Amino acid sequence: MNTLIWCYVAAGGWVLAALLAAAGRGGRPWLWAGCAVSALAGVAAIGGGVSAVWQGSTPVVSAGGAGAAAASVVGTLQLQVSSLAGVFAALLGLVAVAIACYAVRYHEPGPGTGLYLASFNLAFLACLAVLAAANLVTFLVAWETVALLCYLMILRSPRRVEVASGAFWFLALSEIGFVLIVAAFVILATKTRSVELGVIAAHAHVVPAGWRDAAYLLALTGFGFKAGLVPLHVWLPEAHPVAPADGSAFLSGLVVNLGAYGIALFAFRLLPAEPAWTGLITMGAGALTAAIGILYALTEHDIKRFLAFSTIENTGIVITAFGAAMIFGAYGQRDLWAFLLLAGLYHAANHGTYKTLLFLEAGVVEHATGTRDMDRLGGLVHRLPRSAIIAFIGTLGIAALPPFNGFVSEWLIFQGLFQGFRTGSHLIGILIVVAAATLGLTGGLAIYAFVRGFGIPFLGMPRTRQAAEASERGQPVLGPGLLAVCCAGLAIGAPAVLLALSRAVGSVTGVNLRPVLLPGNLTVIPAHTDFSGFSPTYLAVFLVAVTAVPVLIYLAGRPRSVSLAAPVWDGGMVTFKPRMQYSAMTFSAPTRVTFDALYRPSVSLRRASDDPAGRSGPVHYESEVTPVFERYLYRPVIRAVEWLADFVRPVQSGDVNLYLLYVFAVILIAYLIGALT
Amino acid sequence: MNKDQDPLPPASTRDPMPSGEPAEAAIQDAAGELRHRIASQFGRSLHIRTLDTGSCAVCEQEIRLLTAPHYDLHRLGFFFTPAPRHADLLLVTGPMIRAFDVAARKTYEAMPGPKIVVATGACALGGVYQADAFVHGSVGEVLPVDVWIPGCPPSPFALLQGLLVAVGRLYEKVSSLPFEVAG
Amino acid sequence: MTAVLPARFELEAAELARGGGRLADMFAAGQDPVTLHLVWALDGERRYVITSCEISGEEYPSLSDLAPAAFLEECEIYEQFGIRPANGRPLNRVVLPPHAGPGFPRLGRQPEQEPAELRAAHTVGGHAFEFPFGPVRQVGVESLYYGLVTSGEEMVDLYLFTWHKHRGLEWRLQGQDPRAALFTVERAEGLSAVAMGWAFAAAVEAAAGLEPAADVQRTRAVALELERLYNHAAATAALCAATGLSVGQSAAEIVLEKLLRLNAAAFGHRYLFGVLDTGGTRRAPDAEVLRTELPRVHDELRRAASALLATNSFADRLEATGIVTAEQAGRLGLVGPVARASGIAIDTRLTQPSPPYASHPPAIAVRKTGDVLARFEVMQDEAAESVRLIGELLDAGTASGGTEPPARAGSGLGWAESSRGEALAWVRLDDRGQIARARLRPASVRNWRGFDDACRSQNVFTDVPIIEASFWLTVAGMAR
Amino acid sequence: MTLWFLRGLSRGVVTTRYPARPDQATALLPTPPAFRPGAIGPEEADQLAALCPSRALKREGAELVFDAGACTACGRCEQASPAVRESGHFELAATSRRDLVKRIPLKPEAGR
């Protein structure tokens, strides 16, 4: 079935869902209906994405026919689902299905909910439009629509001031990014005299190198704002905590990935022949982002801020892969070029699944306990068993532990980076290996961070009454559960996924990876046969079998040994208290000490025992990390802007006559120009 | 600080040591049988956890000296372990302070069976302190003691002999000693 | 011993404190009215002054405000006698266990239904957690509960529960015959049996107006110095154990064992129990053994210590660890090697000399830095000095025996410099010569209160065992 | 560490051979008293019992009951009575508390 038909179905579905949600003003049955339609539309989007990936890019279709397209360049709506976009379209569908299943239980019926879900479905639609855009007008319009709708979603409960500020951070930075993207597109469009992406891609070689690089860097920065490249990332930790759970899941699972898509669009489709140094910049930015992201994640005890920083880390990994791919491409290593693109796409898809899952579960925890502060949770595995299992799967995935999906894609990326020596240039090779090492550090810290991120809220003793009395009755399970299944599927079914991705990459890059990558028998051989290979499927099966062994031993040994039940050894204390277990901040104290040059932690301490008589009593210890980028990068900029605004203010005096004068002046000038030319 | 620790449960109500003959005898038989099991199971490798229930710190010093070069407990296959989970033998000093009931019971219950309790020093045997509101006066009041080591403090030699008796590698002599001198 | 009117009580105390008086101890005696006794050490004037004051009612002017060292005593007095300082600040639990109810034996009246705000609660807030440690701790150490409050790496705070081991000794001693009581006093803090016993015996003698013969006093001094020697050797071994240097530990333990055997050879007991007697001593040392063996053994200790200081993995852990400043030591009234290591030169053998030290003054070792290394060095120097003193004392002649103190009423203070510092005892005898009230204050009672400050001064929590070994205190002495 | 190694070699072995061989260091240890049977009169027994600080001695009828477990080997009774001497036993571990309780016959009452 034709890709575009799938997409039309999806688009129609979302429009319908939006109407249902809005018209029903959030009544329970309307809510159900809207979410059901939205989920079905998501399924259609998955179908569209998969078929785009499988069958290659669709032809360009113009609303109002090809003639109209030829006639007026700027005005038309042109659609084409490239196989690159197909990957993200499928991800969009998956996220949409999960969120629809989740939202129906998560939200209380009500007018606010109705509008919220309406904007949500329209946002899905806009994302699909971004992915299906064939010319830059369509692209930019859709892109801007996504930003605005996300802004509305974040403003779900606008009474709280931090919500407003978080939403504003998001909007401000996306607008700055938008301007840069426009600039990038304008350069290309003017140089190639076309607005169609296909044409631009075809004539990219005629663009002078300087302009090309400028356009690429502008695009990298512009999309970097969405993707959360350091130091452009500051909106994520501000916007995610204040958005509703499904909203932040959408932001992290998809919107951020759209940024990655944009970068991929420029790097691999529009400007495939960029020089190595742009690739180096991309890779460096990616590696830096990954490391900084995870380091900040380790200092957060708000679950959603923590996850937001981990999102920054994961896009960093994706961008690193893209950057390395560009370098290999510049050195003519077309296999590795294509392979790293593939690995990056794989990781983007994986991140989309498990990060959506984790944000949805964070929402469940927040609903059940009323707090997002890890240091006020604990022991939830007993209170929320289902959520605990699902969150645990997501955690294993994001910590890149087999048999789950994060492991496969990160392993592929590493294998690709280890090929750095094949560039022929020692310096470049070393730099690539340095990036690999940075990702290695990031991976280690990620495991550390997610041991903490899962262990502190879910294990141990409850630290507060809310945590002790949490209940998961009525909490959504289907959406996250679906994603958990996908996390497993994306790992165990890796060969199939790679097969599909290799087709997509093949149609973008023209390199057929399949014979090297998948020699059959479920093994994966990244890059070069003489280097390494493994089989995610067998690995998963093996791991499951291994976990069975101790169980069997236990069952076998059971009749012979008598087991003695005794409480945990606590040194003979009378009572063991929740305050006697590691908290989120103490668990990560070693990193705070090691990297304090980056964190610049500020400590505040109040303790009764400072009294001269040596009387002992209550202790309160706070160690806060300085938000370096906000304070030393953004605050000066904001001040400068305000300073300039003071000069502009007189122009906007609010006097109607003055405004009429402006209008008159403009018309006059326009007329003069018209007359002179 | 009382906010931090709950009031302790009332002290155990077993009758003081040398009385109560039949129960005593039964305990002794059980203990003897247990010692044989232990001797057969780990007669040559035994892990010891110590428990101070109010000693004057001298018994602890002597116990620490057991691992000193002069005595070198390890050559006999005894090892100290901080975790009762890994301990086979509980070496108790002090007159068993009542404020320590919970800790003593917890430590004993945290040990896997078969387990031995050795009461060490005159305090633990009911010599120095009489039972009152502060102390039980003897370790036997709270824990089922298998071997008793007298002395104030028991010298490392006495401790070695006691430990070897506890695992059945030496026969105890004292029951055959009359403490009588001729002439 | 001067009695003060309640009106002038605070004034008097302030005056003494300003005049360089060191509040060595504070305790209560008697019932309705309770009498507070303050023991001031006037180190300049080489004497102790006891001011006492009858307290009527629940409260008395708080002393911890003008002499912070009094705080723990104020807590103890509240638990035992039910009277509390008037400043209304929260108190800590010191001796009596939490389950001590109405029927629980006390030295005085039990406290009324205590105000809820009177006990400091131990809560941990913010980004720190409590690392619970004990009461059942490592192998072969006394029971003690630490609340180690840590931010994950560095120590934020530390507090102790010392009441687990309280055996109510002062309560037991009431009504006993002093001579029989000495048996219990020796076992209050077994590792300073001689010091505590001497202080107690001296108190009884002062109460009974008795002055033991010089050679008997020299016997006591020999025993005391031997005790100091083996304690410093044991502390050295413990420091090696805490720093994980087992070779050094073995070396120190060999010396320790040799010293203990020397004790047994000289006095018939490894820990010198039963040497002392009220009015004299029970045993005299075997001078020959000491003369021949002691220098040899000490030489071994000296060489072990120098080898330890030459071992970086040991010395580096000691340097700048567990610092106690002179200000802290003075404010909290610390004594012994801990105080001397932070530059406070107090040693009752010199500052309040009792015979025989008046005629055999020791040279006391002082350091300025106040860290674990300083304490280690002070201990080594003291060990050498003790050996020299023992030689002197033996040459001057020692003897056993003594005179039974007459059975008469009276009260008196006794003191001795234990290896941990100034040990004090105070007794009041009724007219039958029995003990009406006995106060025991081993040095541990003083120095534990400096321990948490030492741990708090920018240490990570793996330093705590090292600091504890360098203090070399006993819980038994604190809780008695 | 070489320093410590050499020190260790130069010192040689100090470890006791106990229990395989007797160790003469045990001769230094204080040990509980032993009593000459039939040599102590009842009232002397009462005096001894009163003298004992750890209540290890008491008289029951014509017997002196000695609890070796409670004894701290302080030597007071040895000083007090010629019929009491240090026993020299240091291997006193008992598997039953009652094995530590000894009964010594007293001097029969005069004029019976």
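Labels for the chains are A, B, C and D, by order of writing; each one numbers its residues from 1.
Throughout what follows, a contact is a pair of C-beta atoms (placed from the backbone, for glycine too) under 8 Å apart; a residue touches a chain by one contact, two chains touch by 3 or more.
Here the structure is a predicted model, which is why all the values come from computation and not from measurement.
Undergrad: Count of steps on the shortest touching-chain route from chain A to chain D?
TA: 2
Undergrad: Just grab the chain with the largest centre-to-centre distance to chain A, centres being mean Cα coordinates.
TA: Relative to chain A, the chain with the farthest C-alpha centre is D.
Undergrad: Give the chain pair, either A-B or B-D, that is connected by more C-beta contacts.
TA: The comparison resolves to B-D.
Undergrad: Using CA atom averages as chain centres, what separation in Å is found between chain B and chain D?
TA: Inter-chain centre distance comes to 20 Å.
Undergrad: Find the geometric centre of each of chain A and chain C from their Cα atoms only, then give the gap between the two centres in Å, rounded to an integer.
TA: 64
Undergrad: Can you check how far apart chain C and chain D are, centre to centre, with Cα atoms defining each centre and the answer in Å?
TA: Between these chains, centre-to-centre, one finds 31 Å.
Undergrad: Of all residues in chain C, which are in touch with two or more distinct other chains?
TA: In chain C, residues 92, 120-122, 135-137, 143, 159, 184, 250, 254, 270, 273 touch at least two other chains, as defined above.
Undergrad: Hunt down the residues of chain D that sit against at least two other chains at once, touch-wise.
TA: 14, 25, 29, 54, 72, 74 - these are the residues of chain D that touch more than one other chain.
Undergrad: Where in chain A do residues touch two or more other chains at once?
TA: 570-573
Undergrad: Check the chains against each other and report every pair that touches.
TA: Result of the pairwise touch check is A-B, A-C, B-C, B-D, C-D.
Undergrad: Can you list the residues on chain B that touch chain C in the complex?
TA: 1-8, 48-65, 68-70, 80-82, 84, 94-95, 97-100, 103, 106-107, 123, 128-129, 132-135, 152-153, 155
Undergrad: What residues of chain A sit close enough to touch chain C in their complex?
TA: Against chain C, chain A makes touches at 301, 375, 570-573, 576-577, 579-583, 585-590, 592-593, 605, 607-609, 611-623.
Undergrad: Mind pulling up the chain B residues that touch chain A in the complex?
TA: Spelled out, the residues of chain B in touch with chain A are 4-6, 8, 83-85, 100, 102-104, 106-107, 109-110, 112-113.
Undergrad: Looking at the complex, which residues from chain D come into contact with chain C?
TA: 1, 3-4, 7-8, 11, 14, 25, 28-30, 53-54, 72, 74-75, 79
Undergrad: Please give the residue numbers of chain C that touch chain A in the complex, ascending.
TA: Those in contact with chain A are residues 64, 68-72, 89-92, 120-137, 143, 145, 149-153, 156-157, 159-160, 331-332, 449-450, 452-453, 456.
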